[in-house]
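Note that chain A is present in both complexes that follow, paired respectively with chain B and with chain C.
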Partner chain A sequence: MMKILQRSGLAAMLILLGTMTALAEPQSYSLKVDGLACPFCAFGIEKQLSKIDGVGDLKTDVKAGVVRLTMKDGSLLDKAEAKQAVDRAGFTLRGIEKVRNAPQQAGESQ
Partner chain B sequence: MCKYFINRGISGLLFLLWAFPAWAHDPVFSPGPHVLFKDGIEIHVGATRDKRDNATDDEQTLTVKYGLSGDWVIGAEIPYQRVKDDFATQKGVGDMTLSTKYRFWRNDSLGIQETAAVLLKVKLNSSTAQVSTDTTDFLIGLTYGYESLKWYRWASVRYRFNQNQGALSRGNRLFIDAALGYRPEVHDYRAPDTVWLLELNGEFRDRNALSGISINSSGGSRLFVSPGIQWTGRNFSVKAGVQIPLWSNLDAFQPRPDYRASLELEWHL
Partner chain C sequence: MMSRLFICLALISWASVGRSAPITFNTALPVAQSEFVARAQLIVNQSGSDPSGLARDRTAWAEISVLGYGVTSDLALFGVVPYVNRDLNLDMGTGPVNRHASGLGDIKLFGRYTIYKNNFSGGNFRVAPFAGLKLPTGDDNRGDGLGRLPAVVQPGSGSWDPFGGVVMTYQTLAFQIDAEASYQANSTARGFAFGDVSRLDGSFQYRLWPRTLGSGVPGFLYGVMEVNLIHQNKNRTNGITDQNSGGTRLFLVPGLQYVTRRWIIETSIQLPVIQDLNGLALRNDYIARAGFRFNF
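The block that comes next holds the complex of A and B.
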């Protein structure tokens, strides 16, 4: 009985630890943006998105019409703020997707 | 003395800015609907030469623009001008121009942006140099642009209302332009980007009149074909082009255009 309790406690701690680690990981997002067609476009949109609190790394793939964004310190992206930033850059936000394996995705070359 | 130093200072500044590379996002000789992002700043340095028979007009300009929103930009431009003909050379800081452009329509899709904008320019009577026209002139325009990863196309129409200069009634001008752009290769946006341009520029001038009497040697129409190139590196652009006369129908004895050349540098901050 004692062993069962010890194993259950250990399993619960591992699950909790795993969850905390996942929460502490940088959160990454893929923003699908319509209207991107040139280097100036990418510069403007990165400039606007970088003003959002907690935004860390930004990478724009003009061909795919995607901005990949990684947050700092596990903070989350406010979708309304992201939409406003894209609008202020002069483009249209088509959608936002949360990306798994944040550090690897953010490090992908464009 | 003060004017001397101001002129020297601005020309020196223009020379220094000229030494750096720069660029732009609309055609070379005509406007497009491109605006800035909100709170964005654009610094634009340009040099143009207009050669007609023995007359040569050179102008260097410094323009600063500010993005009020993602669709609305305002700007101020100050030129340094040098006008030379058979008899004399006049030079100095010319009249300041204030401008605004509002993008009233936008259709975005993947890798494509199709837009239209209205623009307004006011050339102030701000200069005391001889190159000034001593008038306040207005220009209104409408411009359309289609930008994609591979192809660009633009069209614009502008009308310039010229204020009278004493007894001299200066004819108004109409400009109609069409342009194409082609990007041979699409790179990562941090890599240098090249777009080739080809424009058709039409100019239609009303005749001037003195005390109500039309001046024969003024007014007429001109059409130019204008190849150009635009090179962009992230937030910096260099644009260059030459206007070659294709056809002209000028009244009486007026110098026929030989060519016009333009080089522009642009930074987005």
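The block that comes next holds the complex of A and C.
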């Protein structure tokens, strides 16, 4: 009985540790932006996205129309905020994909 | 006699702020909300083909600074501040004469609102009307040893002149097309009024380099070809129409533009293809431009 309890406890600790590690790992997202067609436009979008709390690194691929966004440790991207930021730059957010594995949150997207 | 000179004021008092965009007129591309973009342009307007026999030769330099602010992504406000340097050389039969003035020109303020936009993958299409006012900030009463300078040499017009129009932009990764129609109603100051100016402008910008797009945000080198069709009504002095002013001009404008994330450098030359001018109005030789834009 004690062995079963010990094993269960160990398993729970491992799961918790894994979850904490995943939460602490920087989360990356791929934002598909419609309307993006020149380098000057890319800066405007990046600047608006950089105003979102927790946003760390931003990299744009003009050809793909994609902005790769990495959050600072422990932060998650709110889809509504991302959409608003892209709107403020004058463009349209078509979708967000999470690039690295992370727990699904209510504010995240598809 | 000086009032016979025809001057395309609009050409040296108008500049756009935006993304990769036309060099000689505005664009419908957005200014991001709560952000500024700036532009500076040096313009040399040379006119020396004189049918009057007075050997008139006019050189006008203008340094134009433009600041744009995005109130929202659809509504942008612009301020255009010109510093001008104008020289008119002529021979009135008693030897060569130079008339000169320089200083702050007439500031323009205007707003542009996007009424239609379609953002799609790798491109967008926008339509944006604009309206504004040219303010009489430039001195319009300069003189020299020969008396008061003619209106075309004065740094300012002295008049409050409303203007408006509509601009549309179709932009893809490979090319961009812009078109604009505009009108400026010039009012009277000190008894003189420049003729109203109507314009139709078109611009085609084609990405020359990189030929094949890789990843990231490379700088784009655009080849630019623009067309300006400009009609100016005749000037009026104390209610009397100057028959040797105004007319229609068609310019072809080849240019180059290099666009990065933060800045743009560009140059172009406006070459007159058609100059259907009234009477003895002075003909344009060329208008050369060089400038840069900056994303704050």
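One rule holds for everything that comes next: the second predicted complex is superposed on the first by the 100 of 110 C-alpha atoms of A that agree within 3 Å, B and C clash if a C-alpha of one lies under 4 Å from a C-alpha of the other, contacts with A are read in each partner's own complex, and residues count from 1 in each chain.
In this text, a residue touches a chain if its C-beta (ideal position, glycine included) is under 8 Å from a C-beta of that chain, and two chains touch if they have at least 3 such contacts.
Since we're looking at a predicted model, the values are computed, not measured.
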{"item": "Chain B versus chain C as contact partner of A:P26, first or second or both or neither", "value": "neither"}
{"item": "Which superposed partner A:G74 touches (first chain B, second chain C, both, neither)", "value": "neither"}
{"item": "Touched partner set for A:G44, first chain B, second chain C, both or neither", "value": "both"}
{"item": "Partner chain in contact with A:G35 - chain B first, chain C second, else both or neither", "value": "both"}
{"item": "First (chain B), second (chain C), both or neither touched by A:K63", "value": "both"}
{"item": "Common ground on chain A, meaning residues reached by chain C in one complex and by chain B in the other", "value": "34-45, 47-48, 60, 62-63, 65, 87-92"}
{"item": "Complex contact set, residues of chain B against chain A", "value": "25, 34-40, 69-71, 103, 106, 108-113, 147-149, 186, 188-190, 193, 232-235, 237, 268"}
{"item": "Residue numbers on chain C that touch chain A, as the complex places them", "value": "18-20, 29-35, 70, 72-74, 114, 117, 119-124, 171-173, 176, 213-220, 259-262, 264, 293, 295"}
{"item": "In the complex with chain B, residue positions of chain A that touch it", "value": "34-45, 47-48, 60, 62-63, 65, 87-92, 110"}
{"item": "Residues of chain A touching chain C in the complex", "value": "32, 34-48, 59-65, 87-92, 94"}
